[in-house]
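Quick heads-up: structures coming right below.
You will see chain A twice below: alongside chain B first, and alongside chain C after that.
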Partner chain A sequence: MKGARVSRGKGRVPIRDSALFLPLLIFVLIVVVNALVQPGLFRPRIVRSNTASFAPLILVAAGQAIIVLSGSLDLSVGAGMSLINCVFSAMMHESATSSALALLVGLAAALGMGLVNGLAVAYLRLPSLIATFASSAIWFGIALLLRPQPGGFVTPWVSSFYYLSVGPVALPLLILAVGLLGWHLVKRRRLGRYIYAVGSNEEAAYDSGVDASRVKLWAYVLGWAFVFLAAFAVTAQMSSGDAYMGNPFTLNSVAAVVVGGISLAGGKGKVLGAMLGAATLSLVINVIYYANVPSVYQEFVKGSIIIVALTLTILYRRPSRRAVGG
Partner chain B sequence: MGATRIDTPGRLLWREHSKALASFGIVALLIAVGGAISSGFASSGHILMLVKTGAFLGFLSLAQLIVIVSGNGGIDLSVGAVASVGAVVGAAVLHGNDGNIAASVAVVAALGLAIGLANGLMVSFLGLPPLIVTLAMASVVNGSIYIYSKGLAVSATSSPFLKLVSNGTALGIPNAILVWVGVTALCGLVLKYTKTGIKLYGVGANETAATLKGVKVPLFRFWVYGVSGLVSAISGLLLLGYIGTAFLDIGSRYVLPSVAAVTIGGVSIQGGSGGYLQVVAGTLVLTVLGALLVSLQTGEAGRQIVLGLVLLLLLAIYGRQHSANRGRFLGGLFRTRRA
Partner chain C sequence: MAEYILELRGIEKRFGGVVALDRAELLCPAGRIVGLIGANGSGKSTISRIINSTHQLDAGEFLYQGKKARFHSPMEAARAGISMVYQNLSLVPDLSVWENIWLGNEPLARGGFLDDGAARDRALELTKQLCGWIDIDREVGTLLPAERQLVEIVKCLARNPKLLILDEPTAPLERSHVELLFSLLKTRKSQGDSTIFISHRMPEVTEICDYLVVFRNGRTAGTIDFEREGKDERKIIELMTGEAAEVRGARERSVSSARKVLEVQGLSVGPKLRDVSLTVHAGEIVGLAGLHGQGQEELMLSLAGFTRAERGRVLVDGRACRLRHPADAIRAGMALVPGDRHRQGLFLSHTIYMNAIYCRTGLADTPWIMNRNSLKEAVQKLCGDLRVKASSIFAPVGELSGGNQQKVVVANWLPLEPKVLLLDDPAKGVDVKAKAELYGLVEKLTEKGAGILLYASDNDELLRICDRILVIYEGSVVGELLNEGLNERDIVDASVRSARAADAPAHERVEG
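Now for the complex of A and B:
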């Protein structure tokens, strides 16, 4: 099938031409820089706490990546995270049943938001950029209804569960691994291949018998499963509810996807790349902090890093594309 | 095939302006609803006030429009940051003194043009995606203001003349509205009747055809981003006159509304079509809707929810785009083909 060249198994593609090569290189680079300014970066305790605090962005970037791979975009993930966070803080009380119920409602809300966005983009054919900007206002409004002022209470088990570690493996790392494993299971199946196919050429995919709209809808629902995980992680960190909490995640997730080597045009790149991109962006903030750069430089440095990473991605990709001849 | 329809001048005019008319109709409807709820809403004074507030979003939406029309995924998410820089630097050069107005305009215009051209360089010559380039540029520009002001509020203020332009009135009509009308007329002329305007639509609609016609497409887009930056920066200066003092995120809250205003006016986000009159209409829809929701006293939560729903509704009416599952009811949602 045209446009659905998904390499199965190992080999064939040289490592330098892998979509992961550059994101990995940038990630390693930033880790090295970070290790230079922050001694003890590799101490288990530091690794654990870094993983825990980076996990929300990494998870939401993975969700955004799936949506971007299918050829769309979602500017409502941040507001959606806020909504789920506010559901948790509104519903979780001391009892175990209330916690379980809150988790279920939160998951249902996440999948529901993915469904609404997917329907609007795939079936009403609205441009995803604007449609999800509009829906983000709705999610934010509902979150504000649930929690007009930051605060509230989330059962302590959420937090203690999140910071649990089984031997050397911290729970956030486990969540990330499970999420990635889930995506790999999907990727090997028809839906996964169709997401790449529709993302790289919707018309061609449709002409070869793929129900393009349905695939786009599923990409949204799948992506929002990751948004749910991200919201859970962030709730565990904060132990309270805040309708404004998710705001920075929207654009940061898009930035992470791009730094992770995924084409915004869709169809090209890897979800793991986006996760590395998210980790890279988080480490940048770490570096700025430990290098004693005044905090007023943060925004400037963040923007510059994205531009540099972006330019590298494109400059690097040019010759390899010619070599592959596709 | 039915009989070939002849394009009479009337039909052409209708086709060109039907979307703008529809949006103006919605504006009228919203004002009528507002008037039914509170009598002051539909008073001429209040309507003038609303249009005046809309003008500043309108200026930034012009910057957004030309980039979107130029096609190839064109979008400029740095318009807000550039407006902020225009306001902050403009205020610093002005020092509250009318004598510095020429210098201030020159510095702000040059700065806006430079930032816009930097966007254009990356988008057009390096082939980077406009969405993320302009987003990162917004971070860089906002970060620079932050560094410049050391994170503190900028105390510089506007000058009497600038205040007069943005806040004064002539014959009972706010000057900002007069400026907006002038800008709209000028845009109508430039976009429709000059070579540059025709090129802009040509490049957006069909890059290959434009290239074959001898247009240097990358160079042209490079300048489009530059002009967008210039317009944004000057808008920031006008915003400074309106608000009186400059602050760090004076322009940020206009970014996504500027994209929304363009789309609500019925301009395709894929480029190549759409005039500024449509954007004016879209801007007014957003502004009046916002004011109506405030007067309904629904609170911030209700306001956001209704705003989102109305945006989705308007988009569903005329913001739809081509899709592969075309020509079927709801794009084939109720078909049973397996994915």
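Now for the complex of A and C:
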């Protein structure tokens, strides 16, 4: 009893209580399983190609994580990725200026979509689930308009740039690191703290003098900066445009967020966790492929593994809540 | 400097069809502690939310520091030096104590980055004055209600406001913390800062305030300048109720029978409860006293089936029961009126009617189809008996004032006629009149043979209503007092003595 009152000192939390503990554990577990079924998983070439192909989901999961932490959700990130991808493929020609312009327009489109979703949720006070479901149809419609059939031209440098290595560090890894660093800078500012506060209890945050609506809007805009990066990565991989390309990313990003230990109620968890969650989901598909699971069972096995990961995450969190909240 | 720091005149505020404030007036002399008192739903919380602009007024005049003012949000009010301790608190559960203390007001280092080192150090200093034992790195969601209340107070004091509004700050607090708070308020006064203090506890208001405003039904019923007119409790109650005051004495005790409705033997739960044994007889009201946070609430939660006991036996009406789930307790005839009504007691967005029905669904003999009309009548009658102030029984509970919400929590359990009623601070934030009504109902239950286990943060309540009082210290029952001619001192003495005795190597029983 007396011992419990002694301060734990400088804000350090035991590793087992960290929000990252379980996502990390699950990630390591799946890496080990993957290494067993796929010898040579750790060869630099394989690591590089895996990072490159996982990066889009990891990035979009990071974006989704920021939005979820602020207490909202975004079901239009996949359609948004398609739209940006179609902008790239519609605007990029041989010339360097067209490529630069396409990148700028793509970024503006991403931030614009984040702004629209954010305004609808934060200021019109629409439920984020429905508002972003509706906006996803709009993004998809525009993408189809830009590129009714898959195809189109994307300057080769995008792809060769993406597969570039700076020394031993592959460029996709660098993009992930820069994204994470950006988020950590935000977290060191008021906005970062407020995203957690608003997600945890919007009314209390407002009563404390936090402009909750503005925080929610900013969470969307920040999240969509990551969606832009994800769309860039996916375009580099495919070197063409496809309005259907982004669809699977929407719900996979939500699953990654939850496997990453972030509460869908908001306010609790780490963006890095969501990134680990995304990597975990990607590795699951890897494992299924290399374990020679018959293709009919692939979706079944994938779903089961995700359920197990989710159960672990949620079971792990429950006891401490219960003792306090009842 | 203006004579009044705040002048509100002719304030009107409506929520839907309910008139919350009707030409209310509130004048706060600068540099003094102004008490604001009134029955539940008289508009105290509403006017304080208008002052700090979480609510906007519909009509009226708002002068701050002698000048017309209009703030559009609590941030603007905070910038002007107005800070408020909310009745429901403004704390974010997933952030730590020190992060909450600075929420909305974070110290910044160069480049607009958070200066967390300074924030944490300052928070440590600030908490020391009021609640030094709280680990400021803990998440607020894991704190006890009283600890959260103290953090909320520290948070407001950290802003050094010119005008501090405290809405029911003492409701979950025990006496020693109230005294600490009062000394801080006196320091503020000596610095020339103004405070508005809202409370239901009459002795506290007369102790700390030097000017009193009484609200009744959304209007200002009167003001009393304590320095000139003296402190007359009868006059205050008259202003509050509009009726001649009737001060209630200790209750007439019914002779409790020898039948034991609740027997607890050697109950242990985690580190918080150790080997607790107690008995409650039919028709008896047993109080739990002691310093705050010694396991009283954990005992309640464990008996109600929220937390599982590692060891021990619980017998209800002579029958042993396994309490693994709240439904087990309810089926055994044991109901809990929880202390944290927002988190545990109510479905805020649901109607009074629905809230009253949920409890019944846990019973073994609940019919598959319930008769809506008879339920409706029963709920209506209950709300009438308890004088719940609401537009109808189909009003969402979240729209009611704090005290009325608490009445609904209690009302939910009464029709089930529990054998044992566990009351965890049921009168928290409830006005004098409603408190009497509430305890009147509890006494009626005892006449029907129920046993009551009551925890109250206010010792005065225990003295008024309990037959026996158990003193709890560090999760054990360390003393037992028969309530015959006891006064508050006796309880405090027993609690403190047991604390000292327990610091000695052996646990010795303190005889009352």
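Convention: the second predicted complex is superposed on the first by the 308 of 326 C-alpha atoms of A that agree within 3 Å, B and C clash if a C-alpha of one lies under 4 Å from a C-alpha of the other, contacts with A are read in each partner's own complex, and residues count from 1 in each chain.
Note that in this section a residue touches a chain if its C-beta (ideal position, glycine included) is under 8 Å from a C-beta of that chain, and two chains touch if they have at least 3 such contacts.
If you're wondering where the values come from, they're calculated on a predicted model, not measured in any experiment.
**Student:** When the two structures are overlaid on chain A, which partner does A:K268 contact: first (chain B), second (chain C), both, or neither?
**Tutor:** second
**Student:** Taking the superposition on A as described, I'd like to know which of chain B and chain C A:D211 touches: first, second, both or neither.
**Tutor:** both
**Student:** Looking at the overlay, does A:A120 come into contact with chain B only (first), chain C only (second), both, or neither?
**Tutor:** So A:A120 only meets chain B here.
**Student:** Where does A:R43 make contact in the superposed view: on chain B (first), on chain C (second), on both, or on neither?
**Tutor:** neither
**Student:** What is the contact status of A:S304 with respect to chain B (first) and chain C (second): first, second, both, or neither?
**Tutor:** A:S304 contacts chain B only, not chain C.
**Student:** Scan A:Y196 for contacts with chain B and chain C and give back first, second, both or neither.
**Tutor:** After superposition on chain A, A:Y196 lies in contact with chain C alone.
**Student:** Which touches a greater number of chain A residues, chain B or chain C?
**Tutor:** Tallying touched residues of chain A, the top partner is B.
**Student:** Now for A:H184: first (chain B), second (chain C), both, or neither, which partner does it touch?
**Tutor:** Neither partner.
**Student:** Shared contact residues on chain A, chain B side and chain C side combined as an intersection?
**Tutor:** Touching chain B and chain C on chain A: residues 190, 203, 205-207, 210-211.
**Student:** Hey, which residues of chain C end up touching chain A in the complex?
**Tutor:** Answer in residue numbers: 54, 73-75, 78, 84, 86, 89-96, 99-100, 103-106, 108, 112-114, 120, 133, 135-137, 141-142, 155, 270-271, 301, 306-307, 338, 343-344, 474-475.
**Student:** With touch defined as at the start, can you tell me which chain B residues reach chain A in the complex?
**Tutor:** 73, 75, 122, 126-129, 131-133, 135-144, 146-147, 150-151, 256, 259-260, 263, 269-270, 299-309, 311-312, 315-316, 319-325, 330-333, 335, 337-339
**Student:** Would you pull the chain A residues touching chain C in the complex into a rising list?
**Tutor:** Result: residues 1, 4-5, 7-8, 10-11, 13, 188-190, 192-193, 196-197, 199-201, 203-211, 267-268, 320, 322-326 of chain A touch chain C.
**Student:** Can you check the complex and tell me which residues of chain A touch chain B?
**Tutor:** These residues of chain A touch chain B: 73, 75, 119-120, 122-127, 129-131, 133-142, 144-145, 148, 190-191, 194, 198, 202-203, 205-207, 210-215, 218, 251, 254-255, 258, 263-265, 295-304, 306-307, 310-311, 314-315.
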